[in-house]
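The data blocks that follow each hold one structure.
Paired with chain B in one complex and with chain C in the other, chain A is shared by the two complexes that follow.
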Partner chain A sequence: MLRTEINELLTQTGPGTRMGDLFRRYWMPALLAEELPDDDCAPVRVKILSERLVAFRDSQGRYGLVDEFCAHRGVSLWFGRNEDSGLRCAYHGWKYDYTGQCVEVPSEPETGNFAANVKLRSYPLVKVGDVLWTYLGDPEHQPPLPEWEFVRVPGEQTYTSKRWQECNWLQALEGGIDSSHVTFLHSGNLNTDPLFKGSKGNEYNKNDVKPFFEVAENEGGLLIGARRNAEEGHYYWRVTPWVMPNFTMVPPRGDHPVHGHFWVPIDDENCWVYTFDYHPVRALTTAEVDAMKAGLGVHNENIPGTYRPVANKDNDYLMDRDAQRRGEMYSGIKGIAIQDSSLQESMGPIVDRTKERLVATDAGIIKARQRLRKAALALAEQGTPPPGLAPEHQRIRSASIVLPADQSMLDGVRDAVVARPGVAQTTV
Partner chain B sequence: MPKVVYVDTAGVERVVDAAVGESAMSAAVRNGIPGIIGECGGNVSCGTCHVWVREEFRAGVGAPGDMEDDLLDLGVDDRRAGSRLACQIPLTTELDGIVLDVPPEQV
Partner chain C sequence: MARPVLLNSCARAATAAEARFRIGYPLVPSRATRVVALDDVAASAVRAVAGHAWHHSRFYLLGSPDGLHLERVGSGESVPLAPELDGVDAVVMVAGTADGASAAATIGASCTVRGVMTAGLVLDDDETRDALAALRPYARVLMVPADVEDLVELLRAIRA
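Now for the complex of A and B:
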C-alpha cells in the first residue's frame, strides 16, 4: 500500500513537481540517434517530463532541442523547414538556431534587432553512444555526461531500441525491479528465445521456482538479488541493479549480451522504454542484432516509421489464447517487452497504489519507492543532489553468479556489479 | 505467557494471552482483534498491522528495522512516535502487559 500523496509525489514529473525537479538533475535519453540521422533531416517532436519540444540536427551537425512552439503565435515548429543552420517556422518564416535563439524574422526591418530579443526555451542534446541525451535542469547543476556502459562500449558491441508505453513511468520501472514475475510471465521465453536459451542459469531458474529475494542498498540505488538453489552448498544469484531514478538491468544468461532499460517519463500517463543490449568485450553477432531488430529478447517490433509497438492496447496486444492454453506463452502474449507492457498498461495510466497488496517479493519495489521519495524530499527541502549522478554510480552491471551458501550476496558480487572496460560480464 | 492489550479508537481494551516468541500481529489475528490485518503474513511488506506502542513500552520494544521503517513512511496514514508494525514485535515475558493502540483506518 502506498498513501495517495506519496503516489502523487512519485508519479508526477512535470515542471514544478518534486519528482520532476529530481528528474531534471539527470541526463535522460531524449531520442535514439537514428531519429536524427542526417544534417538538415526532418525535425522530431519530443515530449519528455511533460514538456513539448522539437529536436533537429542543423546543417553543421549540431543537435538542437527547443520549445516545440514558435514564439510568434504558437505554431508547432515540427512543420518547420530545417535549412541553412536553423529551423524556420512554416507560418511566417521565423528562424531559430540550435540553441533556440531566433536569428531571423523576415517581416521586420533588417536594421532592427527584433530577432535578437527572441529566444526559445532550449536544452542541450548530446550524442553518447546510440542515444541522444538531454538535461532539462538548471545549467549550474548539469552533471558530467552519462557513463553507462551500454553507450560507452564501441558501437559494434551495443544495440538500443525504444518503444512507447502507455502508462506512468513508475509502474513500468517497478516491473524492471520486480524480478519475481519472470518465473511466471516470461517462463515461456527462456527456452526458446535465441537471446536467452542455452545457459546453465536457466536450469537453476527452472529447478527452483520460489526464489528468495534480498535487497541491498548501494550508493546509486539498489541491488536486488534473487537467490535460487544450485549445487549442494551453493546458491545461484541473479542480481538486478537499479540506479536512481529510472535505470535497471537484467541479470545476464550465459554469454548472451546483457540487457537493461531506461524508463523515461513522456508525461504522467506515458513513458518511453529505451531497451539496450550490449556485450562488454565482443561485437554483437549479425544473428544477435537481427534477432534484436526482429523484436526478440527484451526488444519488440514497432509499427514501421513509429516507436509504437505493433502489439498494443488497441489490438489487445495480439493475445493468443491457444498459445496461452498450450503453455507456450504464459500470458498468451508474444515477446517479453509486450508481456510486460500489456500488464503494466492494464493497471491504468497511473495505478492506484492505495489498493495494492504487496508481498515479500516486492521488497525491491518498496525500497525503490522509499529511495525516490527521500531523494525528492531532500532535494526539495535541502537542495541535496540525488544519488545516481556520479559517474561511478553509473558504471554498474547486472550479474549472475553461483556463490557458496555461506557467502553474502553483497560480498559475492562486489566486483561483478562494477562495469570494468575490457572485462566480461559475470554470468552463468 | 505475556498478555497483550489492544486498544481501539473507542477506548475498548481487548486482552490476549500470547505465546513467547509470537508476534503481536499473530497474537492479534489469532484472536480476531479488529484492525490488525496482517495481510502479508508477517513478511514486512504490506503495512496492515500498524499499531502505536504506548510510551512506557517503547524502550522494551526497540526501534523499527530498516524495511519496517520504509513501510511506516510509505504506507500508514498516521505515523507517530511509537508507530510499529505488530508483525515485527516478538512478544517476551518482559513485554507482559504491553499496550498497543490500533489506528482507526485499519478497523
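Now for the complex of A and C:
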C-alpha cells in the first residue's frame, strides 16, 4: 500500500509536479515517425505529460513540436496549414516556424518587428529509429540522445507500434515489472503465438508455475529475475530490466525478436504504450513483421487511422467467454497487450493504492516505487539527476538463461543484459 | 451476446466519475509477519526496524545457529521457532553474511510445511554474494542488495 500523498507524487506528471519534473529530465517518445511521414504533411496533436502540443514536419524536413494554440486568439494550430516552412494558423494567418517562432502576422506591417516578439513554447523533436523523441525539460540539463538498442539497430531489424491506454502511466508500467501475472493472465499465448512459440524456455515456464523472484538493483533501475526449475541442478532465469522512469523489456524466447515497452504519460489518466520488437543481429522476417502488424506478440490491433485499440473499454475488450471456458485465453481477452490493458484500465484511471493488499511477490513493484519516489525527491530537494539518463544505463537488454543452481543471477547475466552491437541476445 | 444497458454493466464503469461510487469499507487487519535476522550484520538492521510502529509483526535474532530457537528483539526472550510461525502470513529473513545458511534452511523448511510465504533481504555488504547463496533456496522473493529502508518499505507495503 501507499499513502495518498505518495500515490499522488508518483502518478502526477504535469508541469510543476515532482514526478513531472523527473520525467522532464529524459528524452521521451512523442510520436512514431510514421505519424509525420512527409515534408509539409498534416500536423498532429500531441499531448504528453499533460501539455498540449502540435507536431509538424516542415518543407525542409525539420520536425517541430510547439504549443498547440496560436498566440493570437488561442486557436488550435492543428487546424492550420503546414506550408512554406511553417505552420500557419487557419484563423488569421499567423505563421510559426519549427522552433515556435512567429515569422509572419499578415495583419501587421511587413516591415514591423511584431512577429519577432512572438514565440510559442517549443520542444526539440528528433527522429531516432522509428520514433520521434522529445525533451520537455530545461535545455541546460538536456541529456544525450536515446541509446536504446531498439532504435539503434538498422531499420530492418526493428518494429515499433503504439496504443492508447486509458489509465495512469504507473499502473501500466507496474504490469511491465510484475512477472508473477504472466503465469496466469498470459498463459494461453505461449504455445500458440508465432512470436513466442517453440522455445525451450516455454517448457520451463509450463513445468514450473510457482517461480521464485529476485529483485536486484541496477544502475539505471532494477533487474527483476524470475527463477524456475530447469534440468537437475540448474535454474531457468527470465530477467526483466526496468530503467527509470518508464522503460521495461520482456525476457526473450528462443530466437524470436526481443520486445519491450515505453509507458509514456499523456496526462494523469491516460498513457501511450510504445511497444517494440527487434532482433539484435538479424532482419525481422516478413512473417514476423506481419504478425506484429496483425497485433500478435505484445502488439495489438488498432482502429484504422488511430492508435486506439480495436478491443477497448467501449466494447468490453471483445471479451470471449467461450474461449475463456475452453482455456484458450485465461481472461477471455485476445492478445497480451489487451489482456494487460483491460485489467489495468479496470482499476480506474488512477488506482487508489491506499487500498491495495500487496504480497511479498510484489517486491519488484515495491522497489520500483521506492526508487521513483527517492529519485523525484532527490531531484526536487537536492537537484540530483535521476538514474537512467546515462547512455550506458540505456544499453540494456532482457535475458533468459539457464544457470547452475549455485550461481548468482547477477553474476550469471552480467554480460547478457548489456546491449552490444552485433552480439545476439541471450535466450533459451 | 447481451449488450450492457447500464454504465456500470460495462467496462466504461472504470471512468473517474464512476470510480467515486466504489464501495468504501475498512481494510482487513494487517498481516502477521515475522522478521528474522540471520547474522550479526542483519541484527542491527532488524533492531532498527523493530523500533518502528507495526501492527502484527515480530522481530527476532537467532537464538541458536540452526534456527530452531529465536530471540525476540526487545525482550530478549528465547522462543522456539515452530510456535512463532503459527498463523503467520509471511516470514522475512534478513542476511548480511552466509553465517545464517543453516538457520535459513530450517526456517525455510518450516515455512514450506506451513504454507508461509518467505522473503529474503540481502544487505549491501562485502559478503553479499555469500549471503545471497545462503538465502536463495529458501526465499520465494529476494531483494538484493537491500538496506534498512527496503525492509521498512516491504513491511509497510504488505501491511505488516
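The rule is simple: the second predicted complex is superposed on the first by the 428 of 428 C-alpha atoms of A that agree within 3 Å, B and C clash if a C-alpha of one lies under 4 Å from a C-alpha of the other, contacts with A are read in each partner's own complex, and residues count from 1 in each chain.
Going forward, contacts are C-beta pairs under 8 Å (C-beta built on N, C-alpha and C of every residue); 3 or more make two chains touch, one makes a residue touch a chain.
In this text, all values refer to a predicted model and were calculated from it rather than measured experimentally.
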Three-chain arrangement built on chain A, chain B and chain C clash or fit: clash
Partner chain(s) touched by A:Lys367 [first = chain B, second = chain C, both, neither]: both
Per-residue contact with chain A, leading partner among chain C and chain B: C
Which of chain B and chain C A:Glu214 touches, first, second, both or neither: second
First (chain B), second (chain C), both or neither touched by A:Ala42: neither
First, second, both or neither for A:Ile6, with chain B first and chain C second: first
Which superposed partner A:Lys355 touches (first chain B, second chain C, both, neither): second
Partner chain(s) touched by A:Ala294 [first = chain B, second = chain C, both, neither]: neither
Chain A positions touched by chain B in one structure and by chain C in the second: 1-2, 357-360, 362-363, 366-367, 370
Complex contact set, residues of chain C against chain A: 4, 10-12, 14-16, 19, 22, 27-28, 90, 92, 117-119, 129, 132-133, 136-137, 139-145, 149-150, 153-154, 156-159
Chain B to chain A touching residues, read off their complex: 39-40, 43-48, 67, 70-71, 73-77
Residues of chain A defined as touching chain C within the complex: 1-2, 166-167, 212-217, 269, 313-314, 316-317, 342, 345-350, 355, 357-363, 366-367, 370, 405-406, 408, 410-411
Touching residues (chain side chain A, partner chain B) in the complex: 1-3, 6, 357-360, 362-363, 366-367, 369-370, 373
